[in-house]
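Just below sit the structures, each encoded as structure tokens.
Both of the next two complexes hold chain A, though its partner changes from chain B to chain C.
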Partner chain A sequence: MTLRAQVPPRAPPPRQHRAWSWRSPATRALLWQALALAGLLAGLLWLVHNTQVNMAARGIQSGWDFLGQTAGFDIGEQLIAFDAGDSLARAFLVGLLNTLRVALLGILLCTLLGTLVGLGRLSHNLLLRALCRAYVELFRNVPLLVQLLVWYLLLVEYLPDASAAWNWREALFLSKAGLAFPTLVAGTNDTNGWGDWSAWHWQLPALQDFGIEGGGALSPEFIAVTVGLGCYTAAFVAEVVRAGIRSVPHGQIEAAQSVGLSRRQTLRLVTGPLALRVILPPLTNQYLNLTKNSSLAVAIGYPDLVSIANTTLNQTGRAVECIGVIMLVYLALSLLTAALMAVFNRRVALKER
Partner chain B sequence: MAVWQMIPARAAPERQDSWLAWVRRELLGGWLNALTTLALLAWAASALPGLADWTLWQAVWRPDADACQAARGSGACWGVIAEKQRLILLGRYPAPEHWRPVLASVLLLALVVASGLRRCWKLWLLPAWMLVWTAFFGLMAGGFASLAPVPTERWGGLPLTLMLATLSILLACPLAVLLALGRRSRLPAIRVLCACYVELVRGVPLISVLFMASFLFPLFLPAGTTPDVLLRVLLGIALFAAAYLAETVRAGLQSVPTGQSDAAASIGLGWWQTQRLVVLPQALGAVVPGLMNSFISIFKDSSLITIVSLYELTGSLGLALSGDPVWRPYMIEGYCYITAIYFVVCAAMSRYSLWVERQQARALTR
Partner chain C sequence: MKPIRLSILALALASLGSAHAGKTLDTIKQRDQIAVGVSTGVPGFSAADSQGRWAGLDVDIGKAVAAALLGDANKVKWVPLASQQRFTALQSGEVDVLSRNTTVTLTRDASMGLAFTAIAFYDGQGFMVPAKSKVKSAKQLKGATVCVQSGTTSEKNLADFSRAYKLNLKPVVFDKFDAANAAYFAGRCQAYTTDTSGLASVRAKDAKDPKEHLILPELISKEPLGPLVRRGDDEWLAIVRWVVNGLLEAEENGITQANVDQLKADSTDPVVGRLLGKTEDTGKLLGLDRDWLARAIKAVGNYGEIYERNVGEKTPVGLARGKNRLWTDGGLHYALPLR
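Now for the complex of A and B:
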């Protein structure tokens, strides 16, 4: 049996009491943070105080009760029923839906067009490459506001009047009044509600005495905003797509070729999935930019959220609340989109095993 | 015994640098490629003559309203630009004083260009900037010597665009660096504050910030002090741009290896010294393209102040043409003109960024 020397238990370390000296980095760190927070708080309080004093002096009321007032203005286009007698809260909802409609369609358009242009920039064909490059340079280097104004001008000045609308097979009519298209409607002899599929039919727009009637219609404002946003953002998406595809190591493509995949198969099975992971985060950014840029619709009179808030502001004078609504809604949209794309991103992320 | 046979020598590779090989490679390689070329040529043949007719052959170049009216629909009326040039470029600035904004913009533009040139990177640039800003605002506002005072609401056009873009970039940059450093700080309170600021500002559109600048800033300040609307908007753009720039700068900071700040600490540099002398120069150099992209965005975004009724280039075009029934139909030519101006400035900025990248690459190989 071996004797084990017993090591005496180590004495407890002397209690470190914090040295509250100016020389201690920890103290200084605490002090700086406290100072920063105090300064921020003081600044905010000062601003709030000023605002209250100013609002009292100018007789501006505050509070959210104005949302219940009747709007008193009409909205050019709406997804849900709205008239001047409805509340301002409903007006904001109409504006929000209009913003979402433009943003969603714009996202669709910019993704399609951007991917095509991005792939075109990598084409083997010199002319196609040059064309796509010219597209990207032109649309990226001109302010979106100017582009929206030009689209709108082209639509309302250079298209024919509704009475002489361009039409495509008597189904699509394009004129100063916008785009009319066929819609699917329930039949008039529809007795049992939604269930009677046989009664559903296409309702075609047709030229009547007072312009084009029937079917669905898109206003020129809506078309200008959607197409403008889509084309502008597509230039950025194209660059994102191009950079993503270029980021795939050449060895991957050579490996795909060596197992006998065709060019299209390589793109679909190898380059595409690999590039997608690089593309997604910056693509999300572009979607967010598009959503935020849809606020420029106010410049051409499309009744989006900003436009409604602006009208309400001029009518009620509730500047703080109206601008607050704009900021909160866009912030919520941004955070929501970012969260959704993060989930999607996690699903396509490389699973390392 | 196996028969050993020599493989015949391979033919020399085809020359790739002749123009014929180039055409075959770039335009006709494979049937799909050839088809694309054909389709694009056909499209160009159908679209370009009409476009050339409208822009060049049938266009009216003189500021002659009757000739323009006669050519409507078939040719562009570039005369409108000659006619409305001053209004488009200078907005509502009083006509007899037009030399002042022109001189001010030329000075500003010259200094911006000089600041980009390597041989001008000397200490005199700093006093030159101060001098030029003094001259710019002195010339624009007037009110001394024999210069008539011009209120800011009459400023407009290109000088306003240039001033807003340049000054908001200059104001936003230091703030962005502080925000980026703050977001990587060891102090949790500072880190959270900076992150909140950046994320909040990046979540809202610029228009809402501009509305805030024009409607809410007067409410925020003590009663009686109402800064000029131009100043408020400038501050709004700068605060907005700082958040975007901060993210770019942060990307640069992340690209600098920790070893660099460790090395700086080991030779006894303090935190601020480390950032100023070691980390920031490398970080900012690494993100020149990103910074330049942000600058281009700021320049383009300056067009948004039209919405809060300040007549910069885009706004002054509307001002110049929409009120005049004779020239109003030629709005599209006006848009072509300002599009060209924006395009040239933005393209020059992105070319410059490429030049800087090349210089950096060359410095690395030296």
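Now for the complex of A and C:
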């Protein structure tokens, strides 16, 4: 015999079908949102319309046809072939690639350096801890533009002229003109497009009338921007890494130690994966910041997207369009970075099983 | 930084009330001040001294216009603008006139809502190299790295010159005049290019020893510089145009800052009488009073005086008058007649 009373399971309440009514808070909320959206759209349309009317009234030409015009200017460094006879659209592409080159290398640099400094701040070694702390405070608190100018001036002021470049075994040359290094080039008896493999050889940089020719080269502008952005962002990454590791409950580490994991194993198998979940979202922010901050490169003469857009703006007078291109490109880059990081984040996130 | 400022200007362009051409003159009279766009510091043309007082050839033209229109050469608000900002600033109404060593070109005149008034300075683009480099001609610069400022006609001229003579010049483009100067003097580039007046000005201001830098003889472009106004403001355009021409006419007829009052009182020369509003009232046609040109000359002197005071051979910039002499002396300045 059971003492438990037989209580029939309560049927779920019938889904209330609420009639459409002005009184319903849900309806009103929806209405307000629709109104706000309509207001925003109307505001935007008004801005666009007003711009067009004003520009037309002042005889300022607009439109995207200018992208097909020949550029007429040269670009100091380029990843794809470009000369003054190419179109402005291609000039923008060259600028975009230059921006991406700085952003990718900068992200790599800031991640490596930031992780090391962040770990250093948790070290048991007092000197190392103090040095890492000093690094973070210094690089985090000096404005980025100033840092870029300092790096650039250090490079062009104190390195020797190209004619007296420091060189390492006649292969690496470091001077005011930047860093020149040997590159692997295909043989000249090129038959199948890939060249004769046996004829592949190293092309060494060599001193010419005006600087160093041959081989590959990194300009001082590029070095200054990449190193400057990398070092600056590394200070923030270090703090993100430190916070991430500190967020792992101490019990987890004690547990790891009590099952006999070494310090290294603990970091790799327990602290690391747990910390990564905390680190990734703010790390994405730092990557986005680095990419957007690369637009400061224009101050030290690096031909990034902003620099090319500035030049184009002045050659053609299409201010609204050029600023539009800059905004769209940075928006796209940021969304792309965020999306990639979100995918990565999902893979390391805590899985509920 | 720069893009942000430009976006704000672009937004200003977007949010302006519906436009009415020809409003500028009314606005200026109402606020009793002219907003003049100048450079961020090109000594001899427009630069502020340690007390923030602006001086230079482009500045004097702004002062002359203020004296003619508002009766006081100091009723000017100086707005320093970087190269890339200047046109947007003028288009959006941040300044009324741009007196900022700006070259007249077809694209700027025809497609950007701007109008050129008169030519205040005949210039040409050149190269400066360190004297120790032994370069004597721009055609010897094969493969050289050249520092240049963005947002100027210089970038395009450099590419044209490089292509025409197959020099394969590599530009390093800076967004600020000062940054380009600093990079050149630090030795980043084997040559520096801009208008020769700019080269002379930079050399006088920033070189440790001006003699260590050589301005090469080739001029690779024509650079007629002059003030610009917004398109569609015909009365305002006419005032700026005729003030510049008036200063040239004054030099041609021997009217100076020192003798303008006395000539106005005593001269029997019909041309002088007309220029100074004694016999004819040219001001009325422009919407000014009859003493407009006399006041402008009294404030800044005639064109020759302005030139010698700011950029002439006795100044640190030290530019010979050259092409900027009057046509009567074999130069290019041929003022339109004021009658």
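Quick note on the criterion: the second predicted complex is superposed on the first by the 288 of 353 C-alpha atoms of A that agree within 3 Å, B and C clash if a C-alpha of one lies under 4 Å from a C-alpha of the other, contacts with A are read in each partner's own complex, and residues count from 1 in each chain.
Note that a residue touches a chain if its C-beta (ideal position, glycine included) is under 8 Å from a C-beta of that chain, and two chains touch if they have at least 3 such contacts.
Keep in mind the model is a prediction, meaning the values are calculated, not measured.
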Quick check on the superposed pair: does A:Leu41 touch chain B, chain C, both, or neither? Answer first, second, both or neither. neither
Quick check for you: in the superposed arrangement, does A:Asn50 touch first (chain B), second (chain C), both or neither? both
Would you sort A:Ala177 into first (chain B), second (chain C), both or neither based on which partner it touches? second
Examine A:Val298 and indicate which partner it touches, taking first as chain B and second as chain C; both and neither are also allowed. both
Which of chain B and chain C A:Val320 touches, first, second, both or neither: both
Looking at A:Ala84, would you say it contacts chain B, chain C, both, or neither? Reply first, second, both or neither. second
Classify the contacts of A:Leu31 with the two partner chains as first (chain B alone), second (chain C alone), both, or neither. neither
Which of the two partners, first being chain B and second being chain C, lies in contact with A:Pro220: first, second, both, or neither? second
Intersected contact list for chain A, partners chain B and chain C 47, 50-51, 53-55, 57, 60, 145, 153, 157, 295-296, 298-299, 306, 310, 313, 319-320, 323, 326-327
For chain A, which residues count as touching chain C in their complex? 47-48, 50-51, 53-55, 57-61, 72-76, 83-85, 145, 152-153, 156-157, 161, 176-177, 208-211, 213, 219-221, 295-296, 298-301, 303, 306-307, 309-311, 313-317, 319-320, 323, 326-327
Which positions of chain B touch chain A when the two form their complex? 25-27, 29-30, 33, 36-37, 40-41, 186-190, 193, 200, 202-208, 211-212, 215-216, 218-223, 296, 300-301, 303-304, 306-307, 314, 318, 329, 331-332, 335, 338-339, 342-343, 346-347, 350
Within the complex, chain B is touched by chain A residues 29, 32-34, 36-37, 40, 47, 50-51, 53-55, 57, 60, 123-128, 131, 137-138, 140-146, 149-150, 153-154, 157-158, 292-293, 295-296, 298-299, 306, 310, 313, 319-320, 323, 326-327, 330-331, 334-335
Quick one: which bits of chain C touch chain A in the complex? Just the residue numbers, please. 1-3, 6-7, 9-11, 13-16, 18-19, 21, 83-84, 87-88, 91, 107-108, 111-113, 141-145, 147, 150-152, 155-156, 158-160, 162-163, 169-176, 179-180, 182-183, 186-188, 190, 230-232
